[in-house]
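See the structures that follow.
The same chain A turns up in both complexes below, where it pairs with chain B and then with chain C.
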Partner chain A sequence: MPGADGTTSASRNGRKDTQGLTVRSFANHVKPTWCPGCGDFGVLTALKQALVQLEIWPHEAAVISGIGCGSKIVDYMRINGFMTLHGRPLAVATGVKLANPSLHVIVVNGDGDGYGIGGNHFMHTARRNPDITHIVENNQIYALTKGQYSPTSDRGFKTSTSPDGAAELPVNPLLLALACGATFVARGFAGEPKHLASLIAAGIRHKGYALIDVLQPCVTFNKVNTYEWYAERIYRVDEETGYDPADFDAAWRMAQQWGDRIPVGIIYQREGIPSYEEFVPALKEGPVVHQPFAKVDEAVFERLKLEYT
Partner chain B sequence: MNFIQRVQERATALSEEEAEALVRHVMYSLSQVMDQKDRERLAKKLPKPIAAFLRSDVEFADPFIDEQVFVGPLVNGLATEGLYDQTLGGLDVLSVHTGDEATRRLQAVFAALKECLDETERRRLQDVLPGDVSQWYQDA
Partner chain C sequence: MTDLSITIGGDAGQGVESSGSTFSLASLRSGWNVFSIQDYRSRIRGGHNFYQIRVASREIRSHSDPVHLLLALTKESIDIHLANLAPGAGILHDDSLRPDEEAARAHGAHFFPMPFTEIATRHGNRVMTNTAAVGAGAGLLGLSLDALKSVIAERFSAKGDKVVESNLAVAEEAYNLALKRYQGTFQHSLNGRVPPRSERRSRTPGPMLISGNEAFALGAALGGCRFVSAYPMTPATTIFEWLVKREKQLGIVTKHAEDEIAAICMAIGAGYAGARALVPTSGGGFSLMVEALGMAGMVEVPVVIAEVQRGGPSTGLPTRTEQGDLLFALHASQGEFPRIVLAPGTHEEYFEAGWRAFNLAEKYQCPVIVLADQFLAASLSTIAWEALSFQSVRRDRGQLLTGQELDAFDNGEYRRFKLTPTGISPRALPGHPKAVYTVVTDEHDEEGHITEAIDNRVAQMDKRMRKLEEARKEMRGPKRYGPKDAELTLICWGSLAGPAVESLPLLEAQGVRANVLHFSDIWPFPVQEAEKALQAVKRAVAVEQNYTGQFARLLRMCTGFSVSRIIRKFDGRPFSPQQIATACLEEVAQHARS
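For the complex of A and B:
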């Protein structure tokens, strides 16, 4: 944990040099263009704090995002980053993890990118279980395009594309992740960044795919699911007597709660499951980034280069 | 003039219901950045209906709340779109002023709050406010 000066004590523990690691280590000169009060600010703060808590330096992690307001987070951090095509960050992140398994790979995208356009990748990444942390900024609306209903908008939610109210039932990302075999499923609230940071840290520590669905108010286009709306409804599962996140059946029931009471915290965690990287034969000789380049056949390499000229 | 009316007077063009919602949002944000004992001390200085807006279920302040998260609930309650101007490439001339409007309304509540506090309590409150919010409070 960081001390009062924001630095960590890892160097005293003899593990690695983290002298001087603070949230400022992740700051760059780019000013966020998010709306004032946007929930994405809480996610950005929580992510930086989680990395400091875990004593992870900027060069030891990569943040992969898609398209949307929240996906701009890559621009606002001093860290390895890749803003991919809409809905594709999980696929790219899996590639990054396979190339360099020693990196902490973190995907940050919105509910549209993550559960809509990237819904296919979401399901298959959950069952594939790569060691990736997936933070979804779920504001229940497409905000970057000025407010259309999204995969998680409640039925009846009125927007410019649903003036009579959304006709569809919303995706329940927690249930979907559980059904697909995710080994870590959590939900946080952007208005409580300290708790959210602890969830993100737990997700990064978890070996395997970790989903952290973040209730993230869109202050401009979603006037229903506001900070106040969430604050009146959320409660912490770890304060529920006897709740065991290792119990799949209990997690399944918990994940169905939505409406008057919304659970936040670690809903489900199954430990000891090998991650996807361990099953990939090409990685048996070690990380791709550490394998000698000379092993690549020159003729094959030339042909490959031609593809990009 | 009661607390809500004083906020109405400063924020201008707000109905009583809007002013009350504004105060409720600011009290919610204040609750998030104050420890329970500080919150209870503040509550004693405020009119009871206003003190009732402070949350009672938060034991410790969240140290990671910055000025953006602080103003979030308030901005959620603002009109933030509706004046799209095609001569400006579709820019919404209402939304571009959201930040300034949020600050102005926040300061209207802060000014009314400061009238309820002595100098020591005013400083105590300023000390718990994050980032720019502390300056806005001082200027209110």
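For the complex of A and C:
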């Protein structure tokens, strides 16, 4: 039914043309307002590379972000982008995915956005397991509001709202995701965009909710967790002999590591679990946006009315 | 003319709700017009609940006082309802209750004791006591036994033949015993009166008895609703449950979200992707949605919110009615953006709002709020079969570009927020290679990119707000009920259409010629239409189910028109026509004195 719903596209017609798809396909004319050296540049590069690797065109993916420095990513690339509200991109993305599962839905937000104000959606999206890739630019600070401590700031971290050092324990996003039933949990480093791209690509390929927590240096407001600080501590789990990301208990132990040694890579992945969309009866016949109206013809309508006579 | 009211009262957990709905449907199938309200508390067991059923020969639009027959399942229900009984009213109760006969006689009421519990127990289960009460009530009142049995058989069919059989036996025995014992002694009996329609024993096309929320959900489904997300909150939950129950049949994605913020954000996501999306909620949930409401306004995504009001503030009166959220709905969220607010007055209008809201949301690419309340949502009204019409429904997606239209665009030509004379920018859904764009909740340019440039800000603000002026052209002015030349005009909005209109004959009987101006399209306010209608008004009162007269204030703000008095009620119980008439008569008397 071409033309009926406004979504006819090459990919819907079954043709997939990847000729000419490069990272430049995702470029637009907007000059990022990020500080020079900001880790968010690495995330932008990695995301574009991952999409190219997977042969996903700009119109085939939707990137949903929140509010924060990192969330501005959607303004800096050519993509179906939606910069929503502070803390809400997972909920918006869930609606996008349930209405049109044929889109690759990717959420990008900050640590304040994802683990603070949006913490409830994080917990429930992890256990719901929609086929959404969630990239968190974790700079351990509220950057856009000029440097207050965040849910992932380490204890003792001094900022304008924690002058004596943060008193609360930091959120461990990997443990939290595991505890909530996430089926894919990874950590990357914005200073290594190539590796990060491979993690993002693995997350997009993963069927179900995939968390990629990204160590993202904020060069302006976080003078503790710098490129050097992270670089000195990180190591790749896939280079550890015998580490099996399918082993939940091993992942649970691995995710607890923080401090002197910080693991990066795919910490946990469980495959073969149905994603949430598979439980939604209305999606059995394809995306609802491809058939714009509920199936109520005159006969169905008259039958529904009979219930009230 | 027949016009009787029946109350079924008892404790929560005694089956008042199912007895009430059975009695209501049996009355409908006996050929009468019916209107019923439920009165219950926010708890699962204990505490008095009641169901008030009005049975009449003419068309009715509201419940009515006083009550002519009380089915009392507890002694407390007699004490509570005594003051609202009509002279000669009957009180049906179980033998075991020992009511205060003297007090009742002072009210001119008569007792009709019956062995409900004994009949139920003898047929196998005490829980059928309320079936016995319903059977006896139907017998004493003079409903059709066959009609009653048809309803009982359907209601219990899921529980198996045995349960059906024993309930039928209980109802029939109680029906016949009530006739045998009391025939000719109950002065309000329907026996000998002719109902407006012949009786029915089954589901054949005929008038419907439907609640407001059911009518709305039906309208929303018919309007093409493809996505509904919600967090349960009385009195909106039944809309969500109705759609969830039929999700497979109708192909609707339903999502019980983790909270109301998620619910509306999911709906906005679905709306952005291209599905007609609905969020039912009440005031508390709507409070949580406020920030996202502004997001829908800013990114110009269509979404429909059904805000079914209950008594506030805060948790307030969870199961009761109020019209306290009007100005909140109009102003919710920071900044200024176009929104459309509808406040249907009748079950038919609530049904229509179900599909019309989607058309408005897609045409003007903005949030649409349907403002209902517990009274409209939960009351059962008799509606003509043809009144909910398939043919009347239109589905208008507004300026939505088709895939073919987009194919013809040059690369980079499409602008999501293009400046146009009407402010409406042609909408493309994500998924088409010619329409790759970003939307942001920051101020943005025609392409959707963030900018704070002065000219652009002014242009985009103007563009968005122009849509409101465009929408205003199709907002309906007030609907007049009653004579054109009236000495008193009752101005009301939302669910009060029924009780207000029903108060007119009561006023007429007291020599007051009155009419009603009812507003159902609230925002953008239909200023010209309203001013035209107000020209003919001699003296006006506002009738509102809130403390501060919110609509009267809105009316003054938009037209400069002031009412003489605000007749208000904020106790959570719906206005009855009698209460409105009494308050109007006071106003008339006071005016005459001054």
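Just so it is clear, the second predicted complex is superposed on the first by the 276 of 309 C-alpha atoms of A that agree within 3 Å, B and C clash if a C-alpha of one lies under 4 Å from a C-alpha of the other, contacts with A are read in each partner's own complex, and residues count from 1 in each chain.
Throughout what follows, a residue touches a chain if its C-beta (ideal position, glycine included) is under 8 Å from a C-beta of that chain, and two chains touch if they have at least 3 such contacts.
Here the structure is a predicted model, which is why all the values come from computation and not from measurement.
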{"item": "Touched partner set for A:F279, first chain B, second chain C, both or neither", "value": "neither"}
{"item": "Which superposed partner A:P217 touches (first chain B, second chain C, both, neither)", "value": "first"}
{"item": "First, second, both or neither for A:F248, with chain B first and chain C second", "value": "neither"}
{"item": "Partner chain(s) touched by A:G42 [first = chain B, second = chain C, both, neither]", "value": "first"}
{"item": "First (chain B), second (chain C), both or neither touched by A:A231", "value": "first"}
{"item": "Chain B versus chain C, judged by how many residues of chain A each one touches", "value": "C"}
{"item": "Contacting residues of chain B [partner chain A, same complex]", "value": "24-25, 28, 32, 55, 62-66, 68-69, 71-78, 80-81, 95, 98-99, 102"}
{"item": "Residues of chain A defined as touching chain C within the complex", "value": "2-10, 12, 28, 30, 57-60, 62, 64, 67, 72, 74-75, 78-85, 88, 91-100, 102-103, 120-121, 123-124, 280-283, 285, 288-289, 291-296, 298, 300-302, 304-309"}
{"item": "For the chain C and chain A complex, residues of the former touching the latter", "value": "28, 200, 203-210, 214, 218, 221-227, 229, 246-255, 257-259, 261-262, 265-277, 291-292, 295, 299, 385, 388, 390, 395, 397, 400-407, 427-433, 435-442, 448-450"}
{"item": "Contacting residues of chain A [partner chain B, same complex]", "value": "34-39, 41-42, 45-46, 49, 146-147, 190-195, 197, 217, 219-221, 223, 226-228, 231"}
